[in-house]
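Heads up, the next two complexes both have subunit A, just with different partners, subunit B and then subunit C.
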Partner chain A sequence: MNSALDIENLSVSYGKKIALENISLSIPAGQITGIIGPNGSGKSTLIKSAMNLIPANSGNVRMLGSELDKVRKRVSYVPQRESVDWDYPVSVFDVILMGRYRPGRLFLPLSAEDRKIAEESLERVQLTEYRNTQIGQLSGGQQQRVFIGRALAQRAELYLMDEPFAGVDAATEKAILDLMFDMKSQGQSIVLIHHDLVSVRDNFDHLVILKNKLIASGPTSEVFTTKNLIASYGGSMRIMQELDV
Partner chain B sequence: MNDFLQFFSFSDPNVRLVVLGTALIGACSGSIGTFMVLTRKSLLGDVVSHSILPGICVAFILYPVRSGIHLFIGAMVAGLLSGIAADYFSRKSVLRPDALFALVLSVFFGLGVMLITYIQQNYGAGQAGLDAILFGKAAAINQDDLTYITVVAAVIFACLILFFRSFRMITFNAGFAQSIGVRVRIYNGILSSLTVMAVAIGIQAVGVVLMAALLIAPSIVSKALSNRLWLILLISAFVGGLSGLLGSFVSYTLPAMPTGPWIVICLSLMVFAVLPFRRKFGNS
Partner chain C sequence: MDSIWIIVVGGLVALNCSLVGNLLILRKSVMIGDALSHAVLPGMVMGYFYFGDTNLIGVLGGAALAGLVLVLSIEWLKKSPLLKEDSAIGLIYTVLFSIGVILVSVFASQVHLDQEHVLYGEIAYVPLDRWFMNGTDMGPRSFWLGLGLLAILILVLRFSFKGFNLTSFDPDFAASKGVRIKVWNYFLMILVTAVVVVSFENVGAVLVVAFLVAPGASALLISHRMKSIYTLSSAFALIIAIGGFFLADFTSTSISGSMAFFSGILFIFVWLIRKRVRA
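Let's turn to the complex of A and B:
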């Protein structure tokens, strides 16, 4: 099977604090992969260092079988919603248009084709009526959909999403999930950081469990086990019992 | 009324110099300062403007002439150094950025005051008026000054137009910009350099102490009136320019009134005037 993301011996530290220690894993293409682990277990760090947004101490990352710089156009990164200032004076459509920006063409006007793709993305995340709204006026779920709309506008093959379900209401969660299944059916690969253990089994084909080291990586049916969850989350046994894994 | 007509006929060449100079300075710092306010780095404007003082002093000691491009270069170097220092230490130190900024500001400014005292005692009449950079002296803007103010203003406006999308993307969401391969550090460097340039020409008019107001106040006005970035930048430039014009007018009409402080007071009045509208048009 082709892989969407291959990581070899990746280590990242913040000062003396080790965030990721010697991670090696392979994420299959064309599937939805969840990355789980408790707070501070290095989930965001894994995605950010894979995208080269923060420096790694060592390690090798390949996306869609190549180095990132060669396939940047085919990879989309969706940052955490809290990572930006939503009071920034920019409209919903402006943000989605950013998905069509290319570094070498930032000075040129966007083509009609680019605008059309952005319009379609706006529609797919159901924000057409908020097209010209300043982004701070939106609800949390709508803001998350703006980011996903921008990612869709990139027309990528691999999507790396940092907590796309954080702070969204149930309706938005369902809408985003439907969108992801739709993207998967078109052959796209989705890797996302997730918090809610309850919905893991139903939605993710592949699962990565972290606790600064790699606890497990494999098909959800094989690695979503009590043993692995305890290894990652520690003594939070009550959660495990409720999950009945 | 007579003063009014006399001033706005711009027949006095000195009035022309001062008005054009302060209006261009206001427009530059207003528009470029908008990005500082948007990225919540307003305090950095204060750091850079205070830090410029030792740069100007060193430039003067190396070449003791009271006006000219060498003072501008000295200002640029010191301003950029302080910006780099503030940025470097806020990434490496456990101190909070506000404490660090205050520290960098004090160290540079202290050094500047020391140097300016040294200059006053050792350079005789040649240095007379150099201390005006503390509070500005717009009335002293001459033709040479206006020439380089115009050049710097042209560079700043050209970059704002050319790099509009890049600046918007890196100030809104640097992580995303980097993920698509945009050289965020280079654009940040350009933006910082433009800011330092605006400050370096701005201290002519308002001095190092009041410079931060000229960077920050115009965008408070414009953010209250709009939530579209290009319009905010335009309004900021307009408000900054208008404050230069009004400040010059007041100091022309009333005898012995300083221009710089009046520019800042005009700006403050405009801020108060738009506050009631901030929920209606803007979102700040």
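Let's turn to the complex of A and C:
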């Protein structure tokens, strides 16, 4: 089986605080993979250091079988919604167009093809009617869809999403999930950080459980167990009983 | 005629400052602009001293060098967990500026800068400092400098519009695409340094910040699109120059001071009418 993301011995620390300790895992291609763990368990750090946005102390990362710099065009990163200033004076379409920007061609105008792809992405995240709206006027769920629309415009094969369901309403969550299943059916790989344990089993093929160390990584049916969840979240997780895992 | 030259040069200073100031505001780096406007002084004085008053390249080079020292040392100090960015900025730019102030007093006889000039500039002398080409009087030197810089800025910002927008709005996303966000940051710092150096003689190190911030901050109050922010802030820059001049004329006070003060009045005015404009 091809892998979307291979991580070997990755360690990251902030000052003296260890965020990730010696993580090794392999995420299969063409599937939806969830990364779960409590706050501060290193989920965002894992994705960011894999994307080379924060420096790692040690470790080796391969995406789609190659080094990141060779496959950047085929990889899309969706940051946390809170990471940007939504008062920034750009419209929904402006942001989605940014998916088509390329480092070597920033000084050149975008092609008609680029605009067409951005229009299609706008439609796929159902924001056509908000095309020219300033992004600060949108609801949380709509803002999240702007980010996903921008990622779709990249026409990537591997999508790394940092909490795409944070602060979105149920309808938007459903819409985003449908979109992800659609992307998966086209052979794309999706890796996302997730908070809500209730929806894990129905939606993720593969699961990574973190607690600064790797607790488990494997098919959801195998690793989504009470033992692993307690190892990650600790005994305080009452929700475990409700989940009936 | 002299009054018109002063207004025109003031307008050019405000326009140039507002063009780079917009980007500083959106990147939340206004304090870096403030720091740069002070920190370039030692470089400028050395440039004047070694290359002469009229050699702009030497002065710009010295200023750019001092600016680089500022930016690099802020980044270096920021890495320490003991010091936050704003402390690092405050610490370094004042040291650099004080070196500049000392150098001005040391070289007072050789360099045409004095301490008052450094702080407030003297836009009233603009019509006196003229540029002669083959013996023909072409008009004030500051006018041609400001105009040349404006042309360069418009051209540069036209082509780097996407790059600055991407790296300002979402630097992580930009970096994930392989865009060198540090290079873009240095690029902006170079533009700001050039603007600050050219504006320095006219409005000084302190008031230049008003021109960097006020037009863009006022435009942001009533506009949601990048392109209209450029247009609006340019219009505001011109209003500040004209309004400030007549305020100074009416009250017989400092021209650059009145222009900076008028920028505050303009901001308050826009703030007050903002609800009507948006509605």
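Basically, the second predicted complex is superposed on the first by the 244 of 245 C-alpha atoms of A that agree within 3 Å, B and C clash if a C-alpha of one lies under 4 Å from a C-alpha of the other, contacts with A are read in each partner's own complex, and residues count from 1 in each chain.
Everything below uses one rule, namely that a contact is a pair of C-beta atoms (placed from the backbone, for glycine too) under 8 Å apart; a residue touches a chain by one contact, two chains touch by 3 or more.
Since we're looking at a predicted model, the values are computed, not measured.
Engineer: After lining both complexes up on subunit A, report clash or fit for subunit B versus subunit C.
Structural biologist: clash
Engineer: Touching A:Met98 in the superposition: subunit B (first), subunit C (second), both, neither?
Structural biologist: both
Engineer: Check whether A:Tyr88 is in contact with subunit B, with subunit C, with both or with neither, and answer first, second, both or neither.
Structural biologist: Both partners, subunit B and subunit C.
Engineer: Following superposition on chain A, which residues of subunit A contact subunit B and also contact subunit C?
Structural biologist: Correct list for subunit A: 48, 51-53, 69, 72, 75-77, 79, 83-85, 88-91, 94-95, 98, 101-103, 106-107, 134, 136, 150.
Engineer: Residues of subunit C touching subunit A in their complex?
Structural biologist: Touching subunit A: residues 26, 28, 81, 159-160, 162-163, 165-166, 168-170, 172-173, 175-180, 220, 223-226, 229 of subunit C.
Engineer: Which residues of subunit A touch subunit B once you look at their complex with the stated criterion?
Structural biologist: Counting only subunit A, the residues touching subunit B are 48, 51-53, 69, 72, 75-77, 79, 83-85, 87-91, 94-95, 98, 101-103, 106-107, 134, 136-137, 150, 154.
Engineer: Which residues of subunit B touch subunit A once you look at their complex with the stated criterion?
Structural biologist: 38-40, 162-163, 165-166, 168-169, 171-173, 175-176, 178-183, 223, 226-229, 232, 282-284
Engineer: Note which residues of subunit A are touching subunit C in the complex, please.
Structural biologist: Within the complex, subunit A contacts subunit C at residues 15, 48, 51-53, 69, 72, 75-77, 79, 83-85, 88-91, 94-95, 98, 101-103, 106-107, 110, 134, 136, 150.
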